[in-house]
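What follows is a set of notes on a single structure, which appears directly below.
Chain lettering (A, B, C, D and E) follows the sequence in which the chains are written, and residue indices restart at 1 in each chain.
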Amino acid sequence: MAEFLQAAVNGLLQGGILALVGLGFSLVWGVTNIVNIAHGAFVVAGAYVGWELHDSLGLNPLLGMLVAAAVLFVVGYGLQRGLVNLVVNAPVWMTLLLTFGLQLLAVNVFVKVATSDYRSIPTGWAARSLALGDVRVPYGRLVALGVAVVCTAGLVVFVERTRTGRAIRAAGMDRSTARLMGIDVRHVYAVTFGLSAALAGAAGVLVGMVGTFSPPDAARYTLFSFVVSVLGGLGNMGGALAGGLLLGLVQAFVGQYLATTLVNAAAFAVLIAVLAVRPSGLLGRPFYETRVEAR
Amino acid sequence: MTARLTVSDVTCRFGGLRALDGLSLTVEPGTILGVIGPNGAGKSTFVNVVTGQIAPASGRVAVDGRDLTGAHPSRLARAGVARTFQVVKPFRDLTVRQNVACGAMFATGASVARGLEEADGVLGRVGLAAVAEARPATLPIGHLKRLELGRALAMRPRILLLDEVMAGLRPDDVAATVALIRRLRDEDGTTVLVIEHNMAAIVALSDEVLVLREGAVLTRGAPGDVLDDDRVVEAYLGQRFARRRRENPDG
Amino acid sequence: GGGGSAGAKSKDGGGKTLTLAAALSLTGTQAREGVLTREGYEICQQVVNGKGGLKVGDTTYTLAITYQDDTSTPDTAANLVDQFNDKGRKFLLGPYGSASTSAAAAVVERNGQVMVDSAGADDTIFTKGYRRTFAVLSPASVYLSSIVKALAELADPKPKTVAIVSADDGFSKTAAAAGRDEAGRQGMTVADLQYVPNGTTDVSAALTRIRGGKPDVVLGSVHLAEGIAIVKQSGELGLRPSAFGETVAPPTPDFVTTLGAAAEGVLGSSQWTTETEGSDAWFGTAKDYAAAFRARYGRDPEYHNAEASAACLALVEAIGKAGVLDADKVRDALAALDQASFFGPLRFDPTGKNATKPMAVVQIQSGKAVTVWPKSAGTAALRWPAR
Amino acid sequence: MTRAGAVVAAAAFAVLCLLPAGLAPGDVRTMTSVLLFATLASAWNIIGGFAGYASFGNVAFFGLGGYSVAVLMTKASWPFLPSVAVAAVLSAAFAALVGLPVLRLRGHYFAIATLGVAEGLREVVVNLPRLTGGGAGITIPTLGARATTHYPGTTGFYWYALAVLVAAVAVSAAVSGSRFGYGLRAIQLDEAAAASVGVRTTAAKLAAFALSAALTALAGGVFAFQQVTIYPERLFSVEITVLMVVMAVLGGAATVSGPVVGAFTLRLLDEYLRRHFLGTHLIVFGAIIVAAVVFLPQGVVRCSADAWRERRLGLLDTVRAYRL
Amino acid sequence: MGEALLAVSALEAGYGRVPVLDRVDLTVGEGEIVALVGGNGAGKTTLLRAVSGQIRPGGGTVRWRGRDVAGQRPEAIVGLGIAHVPEGRRLFAGLTVRENLLVGAHHRRDADVETDVAHMLELFPRLAERLDRPAGQLSGGEQQMCAVARGLMGRPALLMIDELSLGLAPNVVDTLLERLATIAAAGTAVLVVEQDIDAALDLAARGYVLENGRIVLEGPSPALRTDPRVSQAYLGTAGDGPA
């Protein structure tokens, strides 16, 4: 029983991190239809920002997280405005190619600048855990889950309830008509991309706090993001959280009761099973289907 | 003789909404049936059910007495049922000629060369010969409607369902399209269902008119009778139309 | 012109250059280790040339090394070996990692080149009948078993149960299997052997599974990422064995910097430490090597650096002994090589493995990896229980 | 194919036939890898380009092909050619099997599901050490009595790779001009409309997927034998899938020549940079890809065709046309 | 009448290097309803697009309250008070009907948005029943209602509607025409593209006939209605269309 509970806790906590990593990716993919291969590089970049702030200024990683988010927002906004916006009207997969190039560039610049050493942002408390009987709940991961939940909720409210959020969604569905309605699509797209990068940056700091990071990890974060956002339903922020948690739980339970080497196979098996039953993901609405890709 | 198309007791739901509510009708071979009704009455849904895009919650659809309820759209297409889409669905990156050729190739099993040849003929008939090599993205709405029509005609259907193909055409082009469809029926014996909100076209074209309201048949009859029916005026045509019709009874 | 086509070139100044070639993972997932390997090669080149170059027969050559990036993929490494061969480069230094080494070895064999392997430890490389690849380092099977041996010999009270976490790549599995067998021989119970995906940073499932058995020692046959995760997440999950022992990770500086205090007491196996016994004419002792390295790079060498330097050293020695720049002769000289070095004995068994060199076991004490085994070389006593 | 296209293809083929005579073995080996990637990109293009079902798991068939060859040659002692033929058939069958559920998904959901298939398959290979050698890899015997087929050597593999590429291009060209090809393109452009004109969408998608898988498996088989020892990490690497997509898209998806052009351009560029920008080549490579996307947003083949037609290369005009 | 609200003169526009509009002149006065008719491909949509900034004119001027706004970006032009209800509805399919209406008022900052939504629902009761459904699920005619309502939500000074009655039931067209007349009376200018020339000329005070990118006829509605060139194309005898 303790094992079962521990596995559940592990899964939920790991799921929280996965969700946070995937949240921004899902936002950008769902709204602007850009598969941002460079998302993982944003995560790593965020981790570096947090690490540097802690290393040189001794800044608490939770504050560092806010700074990293702000820095990455600016980076993301600038990238979209200056670069990605140049090709949004090209065939869909071209943006994938663009971000693939960005990811290569970014990761290798990190390697050059920071070497590919493993790093981690040390905190005394993050590695300690709350003991509930035999079940341990590490504080660092608990905080990460909390941040994931708060960010998800915030994003849901922002996207679903605010004027800007509505404009973001409208712009995602039909750019040229959105402009006819007075929406500054360049700006709105850049804000979306900036938000996504900010979330990635925050996730990066948390990843660095509870584990380790190095530049080549970027590809893995992108992969996780892919799975999490599709599992949950593209462009659905609550879905990303659900997807992350489900993924974490599946991995934990399979690792616990089957074989630890099968966790990824099992995760993908679950993914395919979910999609077989719900072709638009756990909480997905088929709005991607009705997107108008004309200009 | 069995009817060309038999729809019996079809119900179709979207969430709580009954888009079709126990709809039954038959269409005899070689008839042109006008279908009118308020916006949201279920006309396009009806087309979707007949052509297999939507499986009805209950009820049957049969072509020439053969039950094809819930069959895949491609099967219905090959069984001779062709349609146009109200919100046009051209193949964006194919030329107009290739678009039409697709109709011939897949519904009648023509080879690529044969399909393109066929397309040339059809393009002439629907007035798109001049833009045969253009891509749909560059075409105005009127041409896209004709492209829908052309692609359906290339399928050499036995049943042709036209969902507002004449909306957005200039009146003289509407007249020409009406003539085209009539000739198709007269020469090939095609059965045609026309959905239009353009009453001039409906009157000029239809042997019979059916009025759909809230997913069920409100009335069915000769065009003149239907348009004078008070219920139809009330639910659909409106007072301005009725007034004009009184002033100008034959057109 | 010197005898043979082995990359000897006359330079304008009159001196001759002997060019060795190396395919290295300078980008990609193994860029870190690739760079360390390169540093090891470079310091070797510097030392050889600093001592006036390499005498082959009657000619003295300046040593040069040409590098290409294998992008951490085995197929590229293999391709590079072919490209080196096109340029007449017959003497190769190994790439980083078992997969790339294995891929390169197959091509080396066909092309009649020779390669000294600095970082491909998996024993399976040496089961394929290759005759032209020689590894200076101890094979994978020694990594974990040395830790077990060290514990059996030094730990008091002797641990009774061990649990092993292994990554699922070939190298780690070989090491894990050997460690398990050794534990059995030493009378310890192996409570559990769990595999985790190679490179994962979440090992909580494996740890939760072994936690129930309350093992005295948790052994990891893993790389750096998993190695760090084992220690970190054990803390989180309340798994507190008397010691952790891990193959590759602990001697790496990143291990201590990322784990901080949690790294204290962790045992690790190392191909080389500054206490390694032996010395040679080029580098002197292990301590001398470390000093030379520090002078150039401003930090202490890691064992990856030393491995690379040793590989270069073995090749240089063999070329000198062969006396001609002929690949076959150099191969024979390598096969016959038997000499002490800063890296320990350099002697190869018929399959090309370095079967005699012992592995050192280190323990993290006060933030430093100190050697605790083999005893003769140990500067420090094993701290036990370790945490 | 147009006449000009046929002439260009024939000329390219002639050049490729002469190439081994003029190149050093190491460069022949590089070209072999270029040819294999061109095959992969062309094969991807059948499902991803023509049918518009962007498979992110085509590497599954590469790995399956490679491992089938390796296992058949080591465990069953089969010679290479029958092994690779069986590998292709097996992969096609596997594609049809997984295609049945997976091809019901649309767009990105399909992409991820296929990615899952590939990752899953890799883990299966890792977890079957008896058959596949697991993470330690499997070695095809090429020396001694256990070798079933004489190891063809650098040039030999070049010919194998060229043959496989020719097969892939021939299949692509045949598909492109055929009714089947029109059906796939119709599916890509509007699946509902395609069905309504009579395209048997499910059958067409399955056929395209299986065809793509078979060609991919051929390349995988050749690669495996060439490598001698293969590892699951490499044979099922997501990176290879990404490269297939990137090459096909950069060259021009849904064209016959695009994937080949894309593969040649990118692989040769990558190789050139790798040789000349030690340790930083990926930074340069990344920057070039970014620039290529910005200036050639329709892919190399379409953009150059446009430039040829208009007798004018308006890079800035294209940027203006595609920016927001 | 002083300076017209919108004065298009010698406007040239097209796609890429394909010219469509050939020196088009057109004016719309404050509170005026103007009809624009013409065959398929004549360039009506192109003209509206050029005015609303969706395509960049190649020459000529677009004066808005006397100031040339040709070539400005669409989002800026909306802000000036020009709303364009595009051809083919172009609703945001994944947004609900209500959200679509709210997006129509995106550039407005006043507090009356909610009351305007209520007005739209009075005008198109059908929409009231569909308010919280994704617009992509609406029937074709319902979508047209939503598109027109979305345009009205911007409270523009000039409302341009492309294919006003496309897909609408006759009685709905009636209501809509009445409504347009009301809002015009309250000061909003309207430029409608419409194939039903009777309806268009009933509503509009003036009209333009566009063919092959050129204005071939213009004048007050009654005059156009009786012009033989109009009745030839619009009231029966076959043209160059389907034969």
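One rule holds for everything that comes next: a contact is a pair of C-beta atoms (placed from the backbone, for glycine too) under 8 Å apart; a residue touches a chain by one contact, two chains touch by 3 or more.
These numbers were taken from a predicted model, which means no experiment stands behind them.
Student: In this assembly, which chains make contact with chain C and also with chain D?
Tutor: Both chain C and chain D are touched by A, going by the contact rule given at the top.
Student: Using mean Cα positions as chain centres, tell me which chain lies farthest from chain B.
Tutor: Checked the centroid distances; the maximum from chain B is C.
Student: For chain D, which other chain has the most distant CA centre?
Tutor: E
Student: Write down the chain pair with more C-beta contact pairs when B-E is set against A-C.
Tutor: If we tally the C-beta pairs in contact for B-E and A-C, the bigger total goes to B-E.
Student: Distance between chain B and chain D based on Cα centroids, please, to the nearest Å.
Tutor: One centre to the other, that is 43 Å.
Student: In angstrom, rounded to a whole number, how far apart do the mean CA points of chain D and chain E lie?
Tutor: About 49 Å separates the centre of chain D from that of chain E.
Student: Report the inter-chain centroid distance for chain A and chain D in whole angstrom, where each centroid is the mean of the CA atoms.
Tutor: Using C-alpha averages as centres, the distance is 29 Å.
Student: What residues in chain A touch two or more of the other chains?
Tutor: Answer for chain A, listing residues that touch two or more other chains: 108, 185, 259, 261, 264.
Student: When you check chain D against every other chain, which residues touch at least two of them?
Tutor: 123, 126, 279, 282, 321
Student: For chain C, which residues are shared contacts with two or more other chains?
Tutor: Residues 27, 168, 197.
Student: Which pairs of chains touch each other?
Tutor: Chains touch in the following pairs: A-C, A-D, A-E, B-D, B-E, C-D.
Student: Which residues of chain A touch chain E in the complex?
Tutor: Residues 163, 166-167, 169-170, 173-174, 176-185, 285, 287, 290-292.
Student: Considering the complex alone, what residue numbers of chain E touch chain A?
Tutor: 52-54, 73-75, 78-79, 83-84, 86, 90-95, 99, 102-104, 106-107, 134, 136, 150, 154
Student: In their complex, what parts of chain C are in touch with chain A?
Tutor: Touch list, chain C to chain A: 27-29, 31-32, 35, 168, 194-197, 199, 201-206, 208-209, 211-212, 224-225, 228-229, 232-233, 235-238, 254, 257-260, 262.
Student: Which residues of chain E touch chain B once you look at their complex with the stated criterion?
Tutor: 15, 18, 38-41, 45, 87-89, 126, 130, 137-145, 163, 165-175, 195-197, 232-243
Student: Show me the residue ranges of chain A that touch chain D in the complex, using the header's touch definition.
Tutor: Touch list, chain A to chain D: 29, 35, 37, 83, 85-91, 93-98, 100-109, 112, 175, 185-186, 189, 219, 223, 226-227, 230, 234, 259, 261-262, 264-265, 267-269, 271-272, 275-276, 279-281, 288-289.
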